[in-house]
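There are structures below to look over.
You will see subunit A twice below: alongside subunit B first, and alongside subunit C after that.
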Partner chain A sequence: MTLSAPVRGQPSPLRAMIDFYLTMMRTAIQTQFQYRAATYMYLLGMVAEPVIYLVVWTTIARTHGGQVAGITAGGFAAYYIVWTLVRNVNIVFTPYGWEWRIREGQLSGQLLRPLHPIHYDIAEFAGGKVIWVLLYLPIAIGLTLVFKPTFDLTPLGLVVFFPAIVGAYLIRTMNLWLLGMVTFWTTRGSAIFETYIMAELLLSGRLVPLQLMPGWVQAIANWLPFKWTFFFPIEVLVGHPSSASLLIGLGMQVFWTAVGAGLVWLLWRASVRHYTAVGN
Partner chain B sequence: MPRALTVAWLYVRIGAMNELQYRANFIVALFQALLALAVALVVLSLVYAHTTELNGWTEPQLLCLLGIQILMGGIINAVIQPNMERLMEEIGDGKLDHAITKPEDAQLLVSVRELRIWRTIDIITGAIVIGVGLTQLHRGLSPGDWLAFALLLVLGGVMLYCFLLILTTGAFWVVRMGFLPDLFEGVYQTGRWPIGIYPDWLRYSLTFLVPIGFAITVPAEALTARLQGNTVLLAIGFAIVLVTVSRWFWRRGLRRYSGASA
Partner chain C sequence: MSERTADVLVSTLSRTFFVPEREAGLRAAIGSLFHRKTRAVPAVDAISFEIKPGEIVGFLGPNGAGKTTTLKMLSGLLYPTSGEARVFGHIPSRRERDFLSGITLVMGNRSQLQWDLPALDSFELNRAIYRLRQDDFIAMRDELIELLEVADIVRKPVRNLSLGERMKVEMVGSLLHRPRVLFLDEPTLGLDVTMQKRVRSFIGEYNRRYGATVLLTSHYMADVVALCRRVIVIHHGRVLFDGDLAALSDRFAAYKTINVTLADVSAPLETYGEVMERDGYRAKLRVARAEVSRIAARLLSEQQVSDLTIEEPPIEDVIELVFAHEATA
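The block that comes next holds the complex of A and B.
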């Protein structure tokens, strides 16, 4: 696949960047496809988390006249099935990976490349996700048959869902990169990472739809990045947010991605100076 | 047999001493345990903010169940899983030679070589949670209840060990098994709730395919006056089956092993 006709002289930086992203993603797709069996097992383990929440809340809904906080059993099923899709997309390189990257000197090679290493991570994971999502579809069908969700999709929701999951992916990439870079200074980064995951569980809608949380938690969640990586993209598809709240949501995603990218840029410059590696 | 136990005990002590060198890890492990407990308690309070009973289980009863799940998780992560991970690696790269050439039972040896002593914090945390749950229950336990609870807890541990050994032994045939810890970790979280809430197909899977129901819900039944005599007999019978099958499967696997120098 050639994207561009031969360009005389220097290709434009934008075109070069697009070319780079497409090539990296294509390679990642092929690599990930080789490990489809292992990926499948990984996906099955991942699906356990939402299935448990789903069973617990539908059990409660059934004993309380069919709904909890306005959400029906079918509504919970829809929420957690879309949850799995959003989770698939927002999995990114973790701080544990960073530990390995730094300890094993993997970073040394990456530092020699002309582009900022974050581009490699974004492109590689984005490519891998094409395979993950494809492999996930049969699981989604299975979950749909078993738990009978009530979907009420709108064309607008479907259109906005795509940028919303991309936004979720980018925010989490930035946040986990920041947490990962902590590993340059300490080997105990995992404690900070797990604190982040705890905050995410409670404030993002990962654990329960935010409507089930007390009002003050929902208020806090509005002002933090977590909500825009789980609850917002899920609600785009299963709730009926107004056009205004869709715009606000996408705006918040752009805002938090920009904040994260700015911090990554600052912290990276400081971190690289701190980095030493043993040659191999 | 006593000699085998002495050897096993020696291995456990070496494992403990290895880990005791890294004191700072204790703080990290403690912090992680408390964080996980905090999340679990928040989930419980969320659930019981919207209902008074979950499939017949009250909040203190579910607290007992949660304690058992944490305690059993501590046993898995401190003793069983580290040994299984090492076994899997060694089957892959041929280092298993070192274990099977020793003049002791190989299954025993591969099951006691690692001990992550800091993960035993979860055993203590779990015991404390069970204690808190029991005091909130306001129900005196008879010696019979305690005995049944202890017996079922041990049986549950044995069943989980056999289950994980069978899975790991699969590495003699299938090379890429690295996904197992993640997969099991995910499935183990189902034990946090009484298995009665799951749909039939899942409930049976979590009883006879992955013995999480036997290991967690059944001991919790002993504490909450739900236990039936039949369940105890079934647990004993199933444990015997699993011990026999895992032993047989381990031997078959071992016969397939060809070692590093072959």
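The block that comes next holds the complex of A and C.
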């Protein structure tokens, strides 16, 4: 028997891609199950950031007659409890990870396979999130009991929330892939990531709800990708946006995902030539 | 030879790395901020060769010779600085789906399996990545598991496997898509002798069964002797020898070894050749290749010989001679 061609099936590219995503997500979920306790510890550590914001702002709200810029203590509690859920979902592969995988030659295994490496990252992190979100639910219940958030959920908000957090995840994936690919040229690409995080803290609603920022900052935020990765999905659930605002928000998410994907496609072709596969 | 008859075609292929360098110390570190020096290191320097479909070729050379860099260029991981490579008609650096679906690169020091999960889960992931039909996948998976005798370990997390076990399941994972060209970089590295033999015989069996083309690097000459009729020797990025393994000795080893067992323990042997070893009645002589027949005849006629064999020098010694020849050339 000799090989005339590699053996492959004939599924359509879309079916094959869905199959890959589901299989990779299952694999990631199984991996997360291997380290249940460690995952829970990471999660508890991650909750520290929003709890600090929450305590600070609810305290300020109470000392200012019950609200700040129209947001009540219960409103802040709702904002940061949903914030944590959104944060769980929009965590992606960082430039620190990129430094590791390029320095150690870990990218080689993915480059040898007939699939763009970005699909591994998207699918693997998406699978991991299933576990993270499930583990977060008891924490969310605990935070709800302690901080008594004011939730006024609408059916439309609940329906739009899912695509909105997926959009947030995809925009952040593209953005951090673009930053990560800088590592092909310089071994310390993560320094740029710190600048990105600073901009994200101020312009995304990550540090404070955007209503608390000056008007000109809010205006700038509308035209940058950051707002659509934190503030928009949170507001979908807790802010009673109009149908038009929801449509605009989803549209902006599609726009920034498409821009990011286009830039990733362009930069990847130029970057991968610089890969030296060291350490492997 | 045209592309139709070669699975691997390499023509004046080169790869140069530009490496920053400076003297040790703070002063040099500060100086490098203003004037950064780089040195061009030609890892592979205009090499050319062809490999026919179904051939197993040993790719030999010392550390840093350019073997792994060449394999990385042929598998599409590295862009060449100049020259051309084609693997079953594809330019590797373009990394097209059909190309990547038809090759595999196995590195003895690197795992591509999911560390925390049983190997079976990684195999399933590979099925999805390579778009294998379920029945093809299961048939091939089970066949490879049987060939490598790993049925009892594929359900254990990869992190719990020994080095040898990991290499065997790595082989299964790398061959599920039935690649037609295998680039194997030290596949027996760190394995014990039994495991080396098992992996070695598997590579031979895979080649026979599927007609796959294999380019193999190994520091274990037993791998090369067992699998490769043809070797390419590379040093300092350049090809020093490309031909039959047997011809390597003829060209570079100017001597052969005569093992002789004598009836007389005190028989003088210095006049026949260089006495490499003498242990009672047995002795090992190094004799010029052109003189072997004559010396053997003299021994048989002049001494009471119980046994006499003539051997090629060990392949390790021949390879050393090739490098020494290059150094003095």
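Keep in mind that, in the parts below, the second predicted complex is superposed on the first by the 268 of 280 C-alpha atoms of A that agree within 3 Å, B and C clash if a C-alpha of one lies under 4 Å from a C-alpha of the other, contacts with A are read in each partner's own complex, and residues count from 1 in each chain.
Assume a contact is a pair of C-beta atoms (placed from the backbone, for glycine too) under 8 Å apart; a residue touches a chain by one contact, two chains touch by 3 or more.
On a predicted model such as this, the values are computed, not experimentally measured, just so you know.
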| item | value |
| --- | --- |
| First, second, both or neither for A:R188, with subunit B first and subunit C second | first |
| First, second, both or neither for A:A16, with subunit B first and subunit C second | second |
| Partner chain(s) touched by A:L212 [first = subunit B, second = subunit C, both, neither] | first |
| Subunit B versus subunit C as contact partner of A:M198, first or second or both or neither | first |
| Contacts of A:R113 with subunit B and subunit C, given as first, second, both or neither | second |
| Contacts of A:G45 with subunit B and subunit C, given as first, second, both or neither | first |
| First (subunit B), second (subunit C), both or neither touched by A:A69 | first |
| Which superposed partner A:R269 touches (first subunit B, second subunit C, both, neither) | neither |
| Residues of subunit A that lie at the interface with subunit B and also at the interface with subunit C | none |
| Residues on subunit B engaged by subunit A in the complex (per definition of touch) | 24, 28, 31-32, 35, 38-39, 42-43, 46-47, 50-51, 53-55, 176, 178-180, 182-187, 189-190, 192-193, 197-199, 202 |
| In the complex, subunit A residues that touch subunit C | 1-3, 5-11, 16, 19-20, 22-24, 27, 30-31, 34-35, 105, 108-109, 111-115, 273, 275-277, 280 |
| Partner subunit B, residues of subunit A touching it in the complex | 37-38, 41-42, 44-49, 51-52, 55-56, 59-60, 63-64, 68-69, 146, 188, 190-191, 194-195, 198, 201-202, 207-208, 212-213 |
| Of all residues in subunit C, those that touch subunit A in their complex | 17, 53-54, 72, 75-79, 93, 95, 97-98, 100-105, 107, 109-110, 112, 114, 116-117, 121-122, 124-125, 127-134, 136, 140, 157, 177-180, 209-212 |
